[in-house]
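Presented below are the structures under discussion, each in the form of structure tokens.
Common to both upcoming complexes is chain A, partnered first by chain B, then by chain C.
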Partner chain A sequence: MPKLSIDGKQLEVPEGETIIRAAKRVGISIPHYCWHPALPVAGNCRICMVEVEKQPKPQIACYTPVTDGMVVKTNSPKVLEVRRAVLEFLLVNHPLDCPVCDQAGECKLQDYYMDHGQYDSRLADMKVKKEKKAFAIGPTVMLDQERCILCTRCVRFTEHITHTHEFGVFNRGDHSVLDLYPGKKLDNNYSGNVVDICPVGALTDRDFRFKCRVWYLEKTRSICPGCSMGCNITVEWDKSRPHQFKHARVMRLKPRHNPDVNSYWMCDKGRYNYHFIDENRILEPQFKNDVMSWDKAIEVVADTIRPIIQANRADKIGVLASAQLTNEDLFLVRQLFKETGAQVDFRVPEKPGEGDEFLLKADRNPNTAGALKIIGTDVQAEEILKKARQGAFEVLYVFGADLVKLLGTEVVGEIAGKVKLFVYQGSNINETCLWAHLNLPSSVYAEKDGTLTNCQQKVQRLWPAFLPLGEAKADWEILSLISEKLGKPLGYKNSSAVFDALAKKVPGFAGMSYEKISDSGMVLS
Partner chain B sequence: MLDYKDEWLLDMGGMMEKNLEQYYDPTSLYARLRLAQMKRAWKKENRRKLTLWERTYLPTLVSGVWLTSKHFFYNLMFHILHLFGLAKDVKAAVTYQYPEKPRPLSPRLRTRHRLTKRADGSPRCVACMMCETVCPARCIEITAAEHPDPNIEKYPAEFIIDLGKCVYCGFCVEVCPEDAIRMDTQRLDIAEYSREEMIYNKKRLMED
Partner chain C sequence: MEKIITRHFDLPQSHRLETYLKDGGYEALRRVLTGMTQAQVIEEIKKSNLRGLGGAGFPTGMKWSFIPAQNPKPKYLVVNGDEGEPGTFKDKQILEKDPHAVLEGMIITCYAIGAHKAYVYIRGEYTKSLEILQGALKEAYQAKYLGQGIMGTGFSLDMVIHPGAGAYICGEETALLESLEGKKGFPRLKPPFPAVVGLFGCPTVINNIETMACVAPIISKGAEWYAKLGSEKNGGNRLYSVSGHVEKPGVYELPLGISLREIIYNHAGGILNGRGLKAVIPGGISAPILKAQEIDVKMDFDSLKSAGTMAGSGGIMVMDETTDMVRAAMIAARFFAHESCGQCSPCREGSGWVYRILKRIYEGQGQPRDLKNLPGIVNNIGGNTICAFGDAVTMCVGSYVAKFREEFEAKIRNSIRDDAIRP
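Let's look at the complex of A and B:
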């Protein structure tokens, strides 16, 4: 274990660690472009130069291993001068199109120029221009070769993370350009990540292109609901400027670092799966195509359920929960329906998606593991649907599943005709809504405070970014209101109270709380 | 990173506490506004009763007539003196025949905005949103779109200034990296019959 000092701070790090990683441990950040913690070292941008005592020239921090007794200075006059010179060199041919560049505001060139550059341009000649300005290199990414500083992060990403080898640096000297290999297109399922790792605006997102300036964005930590992997993400949204991008609130999703789940990455399927948050939402409760107040809608449900429960015929209630719901929502389903004897299952017979070996899983529900623990598997969803078709149920309560898509219009029409009350509780309008007697608007994941359990049995936290659209409410809140109307209130004030009750009742969640889960998540016991 | 943008709505209890803190802090805006409000209320309650002499309105009438005639005779005297070429350094009031003859304005005066054009007549604006960001009145709304020419890349599909909200601070002109917006139309008399008409779109802003 070599001991060294960085800017006067003493530390001990494992053998073979590089200076930049060691400095990170003590909270010193050394400027870097080409170095990325999840990629192999390239050492070509030279901005991370630091002064090492007894060495005549400054060394690159990203590739110099620490040795015992090393004394590193990251802010000496010599280092600052080198940094400035390197920055000037990198910016020689960089176009000054920050006003039209989507990266502006989160660009490392801008940041380091303000921190370490601040020089006047000494360039007398015209900047070297490339053949083409911005052009699409695949369904998700735009490339602007003039803005590229040739850090090769994207090249290494496609080489070592996705193994798809699309990118390369061609030609030499100031003719060198970043480009795709001939005949290739960047259309693998992880292509969006090259936009995240690009420190400048050379690779930008086509989906996010010109939608919004990044400094307007608010960021909320969340979990991707796209598959059972549960990648950690940040929801980036802006409510203050509704004229941009069709009144939508969410502008983009970005991966959030979690070493145990998704590292720094997320897949494109998840990344562009956010339009449903603002589009096509159910905004208020609807009873037989008439808008209804929440109070009345809840009354309709309670009035139908109450006599059934009182007559001890709770098995006449069929509930199709969903693994899209959070643990809190599912716990309320369990308390309100399962514990009174209703037929509850969450495994709606869906067509499984296609998974891959990296992040995307075939199971497209983010909370299957949690639902297994909370709801259990004693009833089959297919059986519930079969019984509903035979007319064995008086109430069918569906959470978010598009039955028309799964079973076809005729079957759902038949079911709707046979049950007394067909409740659809979901966030978005689909064809099932047309058949349901009562539609209850629920909030989407970005509006929820809750937890999801991923395929690694990890319970992970979601934070609400904004209030629900229209009159939508969180699923647990709706169920809690129904329980109040039924005369046996469950009495939860917020989702944290629900989770505390859940932790006490459901084995596996024992000892968990929102504080303990926090950013990194907790594994089910 | 702000996680609870709507925390104050979600958590009413917390909101009360925050307001109480503000209330007890005498330097806070809330406290100062509250103090001014209390002063006004006190003055209204403790207003002096008018005497009988004052209630005849004669003293105020006379002082009003006195003030008007003072200005009238003052200006009359100096205009006559100016006719004879005397006392030219003393200024006398002039009436402009507005709106037939508008008052001359300084070329530096910040007047209604316009969007400048390229040689081909398209707007110079590249929709960088600098003006929208800096605008303290939040009266600018730009919708960006992809320009067919990749060397321009970005252009405003719509550019809206709500002149009903604008405070004419000129920050948008100051901040523009492309010299695409100017406040030199020399138009100050902006009046419309509805609030909607006060909202100027790209077409209207490029007319002059």
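Let's look at the complex of A and C:
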């Protein structure tokens, strides 16, 4: 393995590695626009030039492989001069409309100008006007050709990652423009990623545009709940300006790098599936359409269940859990219901979605693998629903599934009339809420501390971005309150404690803890 | 002086196979195919000191020897006929007057490097050349100099002529390969060099038309004969395209050691209308300009390099004393701004910016600080790009400003001063 020195730091890296990657290993970030770790090298922006001893000219760090004994300088006067020169060229025709540009605050032109530019303008000439300014190129993305620095990241993304070939660079010289090929629209399931990789404000997100200046955003690590892939994401939110956007807290989702799961990407289905976090939520417990306190609501459940369990007739309780729930939530379902003999299943009989060959999976539940381990499959959800309709249950406890959508109003009305207590525990209002006797508000994933197990059997951590909306509580917390009311306190202080208990009890999770799972996740044993 | 490249130019019907055969045409090929090994051919070319006549002057034999023999992929020969360098029109003459010399050179080259497919990338505007070359290709196929089992030997070769679409950058060898592959003509990152990863990812030799025309004579008359014709490291003659303010513009075949003064005054008839000389571009528009007192320089690759300019494509553009050098610089810059492929940011944005500044100065809107800024801006382009186009902008425009500074200063002095508005 070649040994080299970068800015005086000695290091040894694998054969053939480029200078920019080697520098990253020792914490040196070389400015770059066109280079992206997941895309082929283009070498066109020229800002990553570094000085290599014995080379007459500066070399591009993104393409030059390291050699043994190489001495690299990333901050010499010569390098800084080249960087400043490249920035000056990139800004010659770039509009200075930062105050009205949505990229401001996360723009690499701004960032590097502050780090390396800061020169007095030498430009006394008109900028080149380009034809198309801010126009929609598909359902999710806007293009501003004048802001484009032609790094071709988006071109290479649609060429090598999605293989959809929407983008091209047209014309020559300083009249070059980024545009779609004739007759094309940017309408693939990964289109939002081009906004993430665009280093400037050329490609902006139609969903996010002008909603919030990025410096107001708080960022929380999370897992996309949209399908069983469990793409690592960042929930970006803002609570400081509640007058905006109907009190919405979440402004956008961004993919978070995980080489084993989603690389740098996420699909559009997942990316734009966040409005439910702040819209149409169940805000407080409701009993037969009347608001009720949590104490009373828990009491209603406990008082109904207690005599059934005491009479050893727990099989009169039907529970429709969900693979939308976290491992922790499901473990409480197991402890409270499954272990007392209730009929429990999580496989809501819904039609699977359409998957693709990249990230989106047909199973739209983020935790099917976890539920299989924790709940198992000895009872059929369809059987539970059939029995409920036949009047075989005294209690039906549903987690999040919209039964009306699945079975129709008539059937659900019939079920509601046949059971003594029909509990709906979920985060958002749907038609099933109208039929349930008791609605218990639960928190959404962005409000939860917990873990999900993806289709690769990887247990991944999500962190709470903010407190639950209204009086909503985490599902495990609600179940733990019921258990306590039943005289069986479980004593979990937080979800981490629930997970520790789960790791001890459920095979596959043995030896895991939040600490060990950390950012990268852990595969079930 | 013995003519090599232009030896058939004055014959009637010089482009026909009949004419070519009368003068010992395709005899060199027969010698190669029947009596020489691949290594012997390469060795002969090496000894001849033939250097690439497209502009860079790279030793041809060495270029051929870079083709990895062990590589199992097919090998290709690509001949660059995209003559786009302003002031250069010699390949056009060869293609139209002696296309079979090019074809014979190509077949010998393919034999030497083990290629069975060759391409001629011809400038799109050269419709007449294209037509004549196509005719020659047809004749060569009919006479079995191309196709299966050439001249009854086991060697086979197919040849394709591909016209370009009018982009100057496609004369850059890797942009040419991209274009030939059907893509936008963007120069490639190097290494790998075409000898290893070239056309369709295979080992490829890229040579100029004129270089190809020299191959058969070298084989026929011997490497020593050819090497003796030129200077020490630079064998043979080359074609100089002379244009501008001379009495007899045209293409001249002359030995490489000749001086620029001799070409202008002894061959091209001196300056038009007896006027005085102001400046000369010695090797196509990319070459730094020379002042009148610098024209005693010898015209081989190394001497011109020492003089701070380059031999380039041999396109000599002569400017007499009436020439407005600011305008000349502006026109050169306009060409570069128009032809920059737009891949690398310094060249894409810089070439246009430089043109806009020069245009402003020419139109009488110059400011004193323009002359202060221009050299710095121009210098920031060269050396910072994927291909040599950026270097050409730097060298060319930079040389006008450096050598004729007083003309720029005068233009700015006489400009409408708007310092009051823009301090």
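We take it that the second predicted complex is superposed on the first by the 525 of 525 C-alpha atoms of A that agree within 3 Å, B and C clash if a C-alpha of one lies under 4 Å from a C-alpha of the other, contacts with A are read in each partner's own complex, and residues count from 1 in each chain.
Operating definition for what follows: contacts are C-beta pairs under 8 Å (C-beta built on N, C-alpha and C of every residue); 3 or more make two chains touch, one makes a residue touch a chain.
All of these numbers come straight from a predicted model, not from anything done at the bench.
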item: Chain A as common anchor, with chain B and chain C clashing or fitting; value: fit
item: Contacts of A:Glu515 with chain B and chain C, given as first, second, both or neither; value: neither
item: First, second, both or neither for A:Glu357, with chain B first and chain C second; value: neither
item: Which of chain B and chain C A:Phe466 touches, first, second, both or neither; value: first
item: Which of chain B and chain C A:Lys133 touches, first, second, both or neither; value: first
item: Contacts of A:Asp290 with chain B and chain C, given as first, second, both or neither; value: neither
item: Partner chain(s) touched by A:Asp120 [first = chain B, second = chain C, both, neither]; value: neither
item: Chain A-centred angle between chain C and chain B, computed on Cα centres after superposition, in steps of 10 °; value: 100
item: Partner chain in contact with A:Glu88 - chain B first, chain C second, else both or neither; value: second
item: Minimum distance between Cα atoms of chain B and chain C in the superposition (Å); value: 21
item: Chain B and chain C footprints on chain A, overlapping residues; value: none
item: Residue ranges of chain C touching chain A (in the complex, touch as defined); value: 167, 169, 184, 189, 337-346, 348-353, 356-357, 360, 367, 369-370, 373, 377, 380-381, 383-386, 422
item: Complex interface listing, chain A residues touching chain C; value: 41, 43-47, 49, 57-58, 63, 82, 85-86, 88-90, 92-93, 122-126, 128, 149-150, 168-169, 171-176
item: Contact set on chain B toward chain A in their complex; value: 1-6, 9-10, 126-130, 132-133, 141, 143-146, 150-154, 158, 160, 177-178
item: Sites on chain A touched by chain B in the complex; value: 97-100, 104, 132-135, 209-211, 213, 215-216, 218-221, 239, 241, 243-244, 463-467
